[in-house]
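Pasting the structures here.
There are two complexes below, and they share chain A, which is joined by chain B in the first and by chain C in the second.
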Partner chain A sequence: MTSRLMVRVLVTLVAFAVLARIPVGFDVGFKFDSGLAVIWAFGLLSLVLLTGYVGQISLCQATFAGVGAYAAGMMTATFHVDYIVAVAVGVAAAFALGIIVGLPALRLHGITLAIVTLGIALVFDRYVFQDHAFEWFTGGTGGWSVREASMFGLQMDSSKHLMAAYVVLLALFCLVGLLMVNLHDSGAGRRFRAIRDSELAAATMGVDLTRYKLLAFGMSAAIAGLGGAFYPLVAGNVSPQPFWLFTSLQFAAIAVLMGVRYVPAAALGGAFMAFVPDVLTRFGHGSLFGHQYEISYDWFQIAVGVLLIVQLIALPDGVWGDLRHRVRHARSAVGALGGRRVKVA
Partner chain B sequence: MTMLRVRDMTVRFGGIVALDGISLDLNRGEILGLIGPNGAGKTTLFNCISGVIHPDRGSIFFEGHSLVYAPPHVRARFGIARTFQNLQLWGSMTVEENLVVPMDALGRRNTFSDALYLPFSTYAERASRERARAILHVLELDRHARTLAADLPAGIQRRVEIARALAMRPRLLLLDEPAAGLDAQETARLAELLHAVRQRFHVSMLLVDHDMSLVLRVCDYVYVLDFGKLLARGQPSAIRSDPKVIAAYLGEESKQSTGETTTVVAAPKQAAPLLEVKQVAAGYGGLEVIRDVSLQVRPGEVVACIGANGAGKTTTLRAISGMIHPRRGRVMFAGIEVTGRTAERISKLGLIHIPEGRGLFPRLTVEDTLRLVSNTAGHEVDITPAFQLFPKLRERRRQLVGTLSGGEQQMVAMARAILSRPRLVMIDEMSQGLAPSVVRQLFEIIRVFRDEGIAVLLVEQFVESALDVADRAYVFEHGSIVLSGAAVDLRSDRKLVAGSYLGTAVETPAMAAADGNGHRVDPALMEIVSVRVPAKVKRALEQRAEAEGRPTGAVAIELLEKVDRQ
Partner chain C sequence: MAALAAYTIIGLSLGGIFSLAALGIVLIYRTTGVLNFAHGAMGMFSTFVAWQVFYGWSHPFWPGWISTLLAVIAGLVFAALMGLFLEFAIFRWVRTRDPVVKAVITIGVLLALQSAASLIWKNNQYHLPIYLAPQAATFTIADVPIGANNIVVIVAALLLAFGLGAFLRYTSFGRAMRAVSDSPTSASLWGVAVGRVGAVSWMLGSLVAAVAGILITPFINFDTTSLTLLIIDALAAALIGGLVSLPLTVLGGFLLGLLETYPTIWIQSIGFPRLVALLVILAVLVVRNPRGFAVAAK
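The block that comes next holds the complex of A and B.
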């Protein structure tokens, strides 16, 4: 084990320990938000791999999460399997869909690929998730409701399941995030990044584009599906609304806003997506200087748009990316002042 | 023993035949040169061999394997590596990582063991990095190993491209213009490097380059392409003196003999220059393409810029018209300093730039394109004069510009230019990709421009035709002007001009000193000696002249005499 890997593992463990304690003591609403934050963070993490590492564009990441959610919901509600099995089935379903979506990406680039994935998101949003033909999968108009589930044989009842789901989710996110950071610096990650920087050079230097692009789409969909598969447990039911087209677009926008190449940015973005709208609806009304004001959820959308424009001008590498550069810059400047060499890896 | 056998290779892009039945053989251990003017199909042939595009007809065999249906990465595993004309390094990785990627990709490493840092992966990684460093050492790139590839100057990036190709342990190396943007000295070092690479890594090479001095120095055998067809093949020395090859590069020797040049109206020599470029340097990113370029265009004068590809002609035009900002030096137009002004402000002063590729809008009709001039001029412009000048365009006035032939498109671009009543038109590669008969018509139009009192600055591949129509000309080589003078004089010295294309570099250290544009050089000297000297020698001469307070010409003559005595 290299020392760099040791540091990473330690940082991840500390982050997990701190984050796992945060929702304790807050009300159920905040606990729900915490669970949701990790689910959205998985969605953003899937874009870190697909867009940040491999340079492919996808506007249907929420669809992958939705497929994971519905598959997990179906497995628990219909077959009453252990929830971990349901999650595994959800991830597998998302992975399969990811491979299928990856097929057009072998030929398409940029804006055309974006449009195709947008079309897929629209088809699932309007047709698959809401049509009678797929009731076996979506559980009809009411969706699946998951009142009770057992995980690793432990019964998760309604009073405890939110915290339990959150801790399991967080642990999985930390693990997958760590793997992703490692992947970036590993040989496979370099092959992915080679495709991003120059597909032409990658192909002629021996990188099998078919294999790696499909792998990237499959892995990305699986990551999004992993988060989505926990949605029934966190929310207690599955409905099409959280996984509609607009969530996919929001994933893309917030991934860019926070820094699409960085794993921690996904966590930051997930928290942003889950907490900010809730805080706005909770505390967004009152009076200021005698004027009544009412901030609704719609303001969140506007805020994202405005922040995105500001970010693209002021922080082109995303909030996390640019902060990181600045901290490193400052650190090496301090190192130079103190006459001590600081390694900026 | 034949290593690569290409037979009857044909590639069409739409209606254009990029390669027309090319056959080629490359023996093991050989360095094969592939030359030809722009658009001859060299890069297309490279793309076919490396699998980036698939030919419409023909076969490729490499060491006995048929490659026609093999995807690029399979060909890479067979041992075919390549570099790219427009650099394709992975910019976000370090130079060392750039070399490790192809090694890993060919070693079929496992994605999951990589991400888990399993011992198998870390061991393989360490071995790859060690080999990468060994290759970088041979190519003298050690100190750049940990630099991000995107941060390197283009010259170094080209060398990294070669290193990355070598990292694949190739048996055949395809080099696409490795000398582009290098100066004479760097090119000479590249030639040595390629010889060293052949010896150390036992690779065969296929080399495309415009720099003939490199091709002739390095290659064992040369194929010449022109318009997708094989024009000639043979030993480098034979190719160099092949009249067909010289004609392909310089254009047909014109019908007009040097004697009957009376049609050329001598421009008023005393008139103040309309355009004055003073010691301009410009480039892109880390690459400085032109250094110390000075030239003048007087009102109503036709001036030609000639020289090999990559010599800096196009960059000079761009620096003048404001498409790129000069890094040093000044550009004066009609007595106004325009250095660093934006392109649209410069064009409003009456300086029109027709770029390479003509800068037209393919989805507008001919008529609408011409009407757009009113927009720039700020008032309604009558477009009928354009149709009088180009009757063909009247028939095609409702046709979309994108559907016109190349020659007709060039006519539209020139018609658009003349409608805005410019004082100077700069035309980049006017005859590129056009048939000779069309080119002849276009040169007639240039004469019309001059008769109308419009000055023309012309960048041209067909040197003979350009010198026929021009009053004066500047010859570019490696980003500087190495020769200038009246077109009549240059035309009579065809060999000299050919030298700048075919790399017959001067044998004596300095034939003369000249500043390209004539100033700071003893005018008498311009008359008596030909003026061809590498930019570095020129600069040294100037420095010495300045230090001693004498004219550059006098220093040059003294040096020449010294050489003669020895």
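The block that comes next holds the complex of A and C.
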């Protein structure tokens, strides 16, 4: 067990070292994308916990991220606190909303839960984030702008110190990801998976459904909110658009597409979600055989929709899950050739 | 008093549209077990096809009613074909899968349709509606002026609901559809072509969504997202009907329309009606036993 933990820590450290170096030397646009990729990866990671581990469907993860972003933006723009305090407030606000959303989930599951969370995402998108009644929280139509922000006394704002924010975000993601992988086999993780497999059986075995379902929703919202709380730092401002309903739907679609049960799939999905649209709009225009073409952001969402449909029909465990199974098969095939004993899972 | 009556008319028109959108959802859910989150997006796409025929491709010298007729026919034919295509390309292959998986697939359909529409028609708000009745025509009942288009919506919703109900009750194909919604396995043992029933449900559901989309154009500045997001109101109405009952669904649609309209007397907000819809959904799900919906999927 401890050796497995050592391997996981080592792999995480290597991944962190490699990923932290990648954006160096690229232009500001790509550095911004890198930061955004980690923020979206947090959103997808929150679904790995909620859907992959606990089996609860949610279509309002971008709402949790948005609440984290707005709370952090409000704290820095109006109270000028250290950014770490702003992040803490953002995470706490998202956690609280997660618990509230979890309350109806105590009675619901499956498609009815999907309907309720879709409604919550729409209400926050159209009402809370855009209505005059909530200007104290959203900063009006312009949103909050974060110019001078510092964390532990280090300057970290979008204009000059984007890389610092990215490295902090990435380190946090690696930490939370590692905790999530370890959670899978822990006592709480086993209770979560028991709820996923059968709520009735889990309750019979003595799992406190109320406590663990609320905990799952709160933790998941806090993870999404942690990513969202860094959005003002990376983007320099907060607006309703990044956290609207369609981002929530994209979170659900991409999390399932990449493999909703696996932590690395969240990182893969975050990079997919941040880089592909930008690369498309940057390089997706020109002329081919004298015919002008232009690939806009809309093509990205069409691709996500179509890929999701194809994946659900053909590869039910997602892209990462399928890759994992293939690698396992190949390894056991090689092992069988060498005459070694193969562990049958 | 007159203001209240005017708001009631607006609420009933809106309710008629919610009813129509919800009818399609209930129809598809009952016969195929797919809770269609893309229903609003499907209606939106067909509406834009009709709009394109009406404003883009029709000849200026044609009389207005020919353009309207052609636009509506084009929209409805497109809707039926799209429903058929979705059934044959996607939902035929996932019939035995979990209801949640099918619902997530419709989210993929939603994303693809929404982006395809915004790619073709851009993200503008369109202020040019398709009027089925002359825009200025009004009737006055008890000193309350009622727009002819409002009456068209309310009557169309009631007619389609009763028509659909009669189709399910009195025709042999309707009987086959009800048999499939009770149990696909035993229906197929009795010789019902389950695949054909699914295809017809998708066609009919998509048609009704297109009717709802075309009828709503005089009442809102429509764009690709606002019609797609009609789904939440339609789902609320469908939940009032327990995802099975057509009469309760229609009643729920009208009720929701009124509930969403009356607060706008005091509260000027685009988002507030959505909050009403969410509260209705929560109220229905807390009062009713949610396990009933899961049983209906089988």
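Everything that follows uses one rule, which is that the second predicted complex is superposed on the first by the 335 of 345 C-alpha atoms of A that agree within 3 Å, B and C clash if a C-alpha of one lies under 4 Å from a C-alpha of the other, contacts with A are read in each partner's own complex, and residues count from 1 in each chain.
Note that in this section contacts are C-beta pairs under 8 Å (C-beta built on N, C-alpha and C of every residue); 3 or more make two chains touch, one makes a residue touch a chain.
Please read all numbers here as calculations on a predicted model, not as lab measurements.
Contacts of A:Asp208 after superposition on the shared chain: chain B is touched, whereas chain C is not.
Contact with neither chain B nor chain C is seen for A:Leu280 once the two complexes are overlaid on the shared chain. For chain A, the partner with contacts to more residues, out of chain B and chain C, is C. In the superposed model, A:Pro104 lies in contact with chain C only, and not with chain B. Contact with chain C, but none with chain B, is seen for A:Trp299 once the two complexes are overlaid on the shared chain.
In the superposition on chain A, contact of A:Thr112 is made with chain C only, not with chain B. In the superposition on chain A, A:Arg193 makes contact with chain B only, while chain C stays out of contact range.
By the touch criterion defined above, A:Ala15 lies against neither chain B nor chain C after alignment on the C-alpha atoms of chain A. In the superposition on chain A, contact is made by A:Val256 with chain C only, not with chain B. Applying the stated touch rule to the two superposed structures, the chain B and chain C interfaces on chain A have no residue in common.
The touching residues of chain B, when paired with chain A in their complex, are 50-52, 71-73, 75-77, 81-82, 84, 88-93, 97, 100-102, 104-106, 109-112, 114-117, 121-122, 124-125, 128, 164-165, 168.
Only residues 35, 37, 90, 93-94, 99-101, 103-105, 107-116, 118-119, 225, 229, 231-232, 235-236, 239, 269-272, 274-275, 277-278, 281-282, 285-286, 290, 293-294, 297 of chain C touch chain A when the two sit together in their complex.
Residues of chain A touching chain B in their complex: 1-2, 5, 179-180, 182-183, 186-191, 193-194, 196-198, 200-210, 215.
Those residues of chain A that touch chain C in the complex are listed here as 57, 59, 104, 107-112, 114-116, 118-120, 122-123, 125-128, 130-133, 245-246, 249-250, 252-253, 256, 296, 298-302, 304-309, 312-313, 316.
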